[in-house]
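Scrolling down, you'll hit the structures one after another.
Across the two complexes that follow, chain A remains constant while its partner is chain B and subsequently chain C.
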Partner chain A sequence: MLTLTICWSAPAAAESVYETRNEFVNRAFSNSPPETSVIWLTGERKMNVSRLLGHDYSSLRLRYWCQAGRSAWILEEIGKDLPITVGVIVDNSQIKSLRVLTYRENRGGEVVVPAFTDQFNGVRLDANGDLNATINGISGATLSVHALTRLGAIALLLHGDTGCEDGP
Partner chain B sequence: MLIYNRSGWLLAAGTLLCLLANPNVHALENNAELTAKLELLQQQLELQQQQINDLKRLLEQTQTQAVETDAKVEAVADVIESSPAQQAGPLKTTVGGYGELHYNNLSATDPDRDVEAIDFHRFVLFFGHEFNDKTRFYSELELEHSFIADSGGDTPGEVELEQAFLEFDLKPGLYSRAGLFLIPVGLINETHEPPSFYGVERNDVENIIVPSTWWEAGAAINGRMGSDWNWDLAFTSGLQMPTTGSNAFRVRSGRQKVAKALASDGAITGRLRYLGIEGLLAAVTLQYQFDPSQAANDGLDDGTLLEAHVDYRLGSFGIRALYARWDFSGEAVEAAGADKQTGWYLEPSYRLNEQFGFYTRYEDVEAARRSDQFDQWEVGMNWWPARNVVLKFDYRSRSHNLDSERGRDFNGIDLGVGYNF
Partner chain C sequence: MARKNPQSSTTRRLHRSIGISAAVFAIFMIASGLVLNHSNQLGLDQHHVSQSLLLRWYGLSEPKKLQSFAVGDQWLTFAGAQLYLDDKHVTATSNGVGAVASGEWLVAASADELLLLERNGSLIERLPWGPPGAGSIVAVGRAGNGAVVVKAAGQLWLSDKDLLDWQALEAPPAKPMWSSSELAPETLRQEILQQYRGQGLSLERLLLDTHSGRIFGTAGLLVYDLLALALGFLALSGLILWVRGRRNGQRNGNGRR
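Now for the complex of A and B:
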């Protein structure tokens, strides 16, 4: 006889939250985050972001934090069907840290492991405006890998636009 | 009166000359000019100061207006971003798909077995729908080989429902699904969109031994352990392998495809995956079939599948390695020498850049049918002209193990076009 056993527990939040937004910002600035700033995705900046993403970003503006030459960004991009929320810390025009804050899909979640996201540490933009390092993909998670790669490049691009490098 | 005689003229002239030469006289005149000029400058300064004051007031008004405009724009952006259309997020119903066109030109030792064919091998559509944050539906409908005639017609096409399941989020990192879904095994069984693998045709080890693409009906749970481990556990319908005829004990022929499938004897599948090393995916699957023929006392009693693989990428280099083995018990399957069926392959690759990649693959298959006992070399390239689009070329050479099958040995080329969205 075919026996099926299904285990249930009380349904909770659908997505997997690895780090809340507040936790991320506090981590970025050693628990002393600066005031929130806003950057508008207009004009040439909008075009550059769209070029990196392959489509327009889903928001008109982005909130970010900047202090002592370091910026922190919370960005989202669709992996396969649902958005992935990513926190990126940029310091000295290179990625200091890229982490998945929230992952909403069942497949492709291999990108949340530090062994994958640590590849972004130290990565910068090259002369063409792309990442200057190859990010090794993960079998079965290609779309998620692409999403994180694009978001890393956007964070570096916007860090340069804000002038955060020159001080708070 | 002095001016009316010559000496008076001289005296007047001299006096005039003296006066003109006298600096005090010039000083008087300069003072007057200077005063006039100063007065003029003073007036101009006062005018300019007035203009500066006016400009300052105008600047202050402009700055105030700019601040107010900023606030209005931010308010508009708040309204837009909090609108139901924006808050709805991704579409609740999604459509996706993939497809691939193949051209094969293979020269066999027996010319009657030459292959020169072009075929739209797969046209696949995905439909998904999100009922709420915790419940979603996912499906995959496939048309193979382009054309299906009315019943009784002799055309190669097939229409298959390869996935149709409900997925439930139990808690963060723990999911379940129920319905028709792909067995969690191998490298290409679950992920086989054309741009995701090398080679026009899928590798024969997974095709024949696993056997991909393989789906069953049932229920499954999958989850994460820490940051480095994923696991799957599935309870599903089982194979119905023939025990007689030309396809006796052929695993691939046992796929019922959930089409009025016999469900007297199911299967349990478990998989463990490790992702703790940068660039490395390692996995092992173990499956137990309670009765792979769905019939008692036919000489095929039960079966176990062990499959393990690694996919490692380091910079531009990559390597895939996979081993799969079936162990069946039963008098008939053992007598047929089909109780152990194995396959393995090794596939190193080099990704030149975002557009081009090269690979070679060696595979060895030892399956039930005599024609499924061979080894094969393959070399080729993929060209990705755009994201999710691929053009493929490969050269293959196959050698069969048994002398009786040498007529099937072949070498030749394949060309392919594929996409997914």
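Now for the complex of A and C:
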């Protein structure tokens, strides 16, 4: 009979948590995180995010943390079938750190290694709203690489939208 | 008169009969292979099969649990690991606990997260349930003032109006209304069950399994192996026939000279 594996009812079967949300926020702000803020993806902002992603973001409201020109974002994007949760720290309008917090896909998990994610350090948006550096791909993890690249760009875009650069 | 070569005739007969049989297979493999190469662009992974016989063939059964919660004049239903608002699929979640309406929003609670939705089913935010040491959510409801209340590991938690922060309650809030599952209308249940099963099988998966023969299990794989060998035989016998044809042509040509 069929050998088809249906992952429909077991989305979290291959879930690997590399850093919890609390650990990420504490790391971003040296264990003194600010209050949680929210930003809504509506109007022009929603369109800009959709342009970077190639589709609408999965939710309409995002939480972030902002302090002294630094912001921390927890974003999700589907690689092939399941969402990848990524934590991005933006400082001085450039990515200070991008790490995979939770990886759920069966393939493409190579994107969690720092040798790959460190490529994002220091990257900022160019005048066209795209990343100003080329992120080298990984064979067999193309969709996950694309997902992380898009999330990096979104974090930079939203950082600019929040006015976090100017305070508080 | 040229004598008929019986060995050559057998090769030719086999080449012809196997060729006709394999042609249909080859055309199907080429067509399905081309479509699969562009499955992402064609959105095949986003389209799902709803044909009942196929779903049964794949062993896609109904969800073990179907829990519906009335939220105003709408229904939020947890079917297995999926959430539906009326008959519209919202997102994946698991272990549904309850659902309430909160102002203009809907809140669906599972054991380890809360889903904040618009009335049209758009996901506003997925809120992982995370007050330190809070335990899993066992019930969700509304306090008398409309705020969302959650019960987790014997402790009550009250949300702020934007569902951003949670405050542990010392005593139960006044007149809490806890969400409890109800029996949704039969037509809605049937529609959700049909969708649930259908979304388990994408067109891409169906085409992949047909392309590889796996849709018919081990027997399908073996048949496809034989057909692949037949294609190999065709290539070989075609080459033999061509070489012999050339030799015969040269021999006949030499004889005429």
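We adopt the following convention: the second predicted complex is superposed on the first by the 154 of 168 C-alpha atoms of A that agree within 3 Å, B and C clash if a C-alpha of one lies under 4 Å from a C-alpha of the other, contacts with A are read in each partner's own complex, and residues count from 1 in each chain.
By definition in this document, a residue touches a chain if its C-beta (ideal position, glycine included) is under 8 Å from a C-beta of that chain, and two chains touch if they have at least 3 such contacts.
Computed from a predicted structure; not experimentally measured.
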| item | value |
| --- | --- |
| First, second, both or neither for A:36, with chain B first and chain C second | second |
| Contacts of A:138 with chain B and chain C, given as first, second, both or neither | first |
| If touched residues of chain A are counted for chain B and for chain C, the larger one | B |
| Touched partner set for A:115, first chain B, second chain C, both or neither | first |
| Touching partner for A:21 - first (chain B), second (chain C), both, neither | second |
| Which of chain B and chain C A:78 touches, first, second, both or neither | first |
| Which superposed partner A:61 touches (first chain B, second chain C, both, neither) | both |
| Intersection of chain A interface sets (partners chain B, chain C) | 1-4, 6, 8-12, 38, 59-61 |
| Residue ranges of chain A touching chain B (in the complex, touch as defined) | 1-17, 38, 54, 59-61, 78, 80-83, 106-107, 109-110, 112-116, 118-119, 134, 136-140, 142, 146 |
| Residues on chain C engaged by chain A in the complex (per definition of touch) | 57-60, 63, 80-81, 91-92, 94, 116, 118, 122-126, 128, 130, 132, 162, 164-165, 199-201, 205, 209, 214-215, 217 |
| Chain A partner contacts - residues on chain B that touch it in the complex | 74, 77, 80-81, 89-90, 94, 96, 128, 133-134, 167-176, 178, 187, 190-191, 195-196, 218-219, 221-222, 224, 227-228, 230, 235, 237-238, 263-266, 273, 275-281, 311, 313-316, 320, 387 |
| Residue numbers on chain A that touch chain C, as the complex places them | 1-4, 6, 8-12, 21-22, 36, 38, 58-63, 76 |
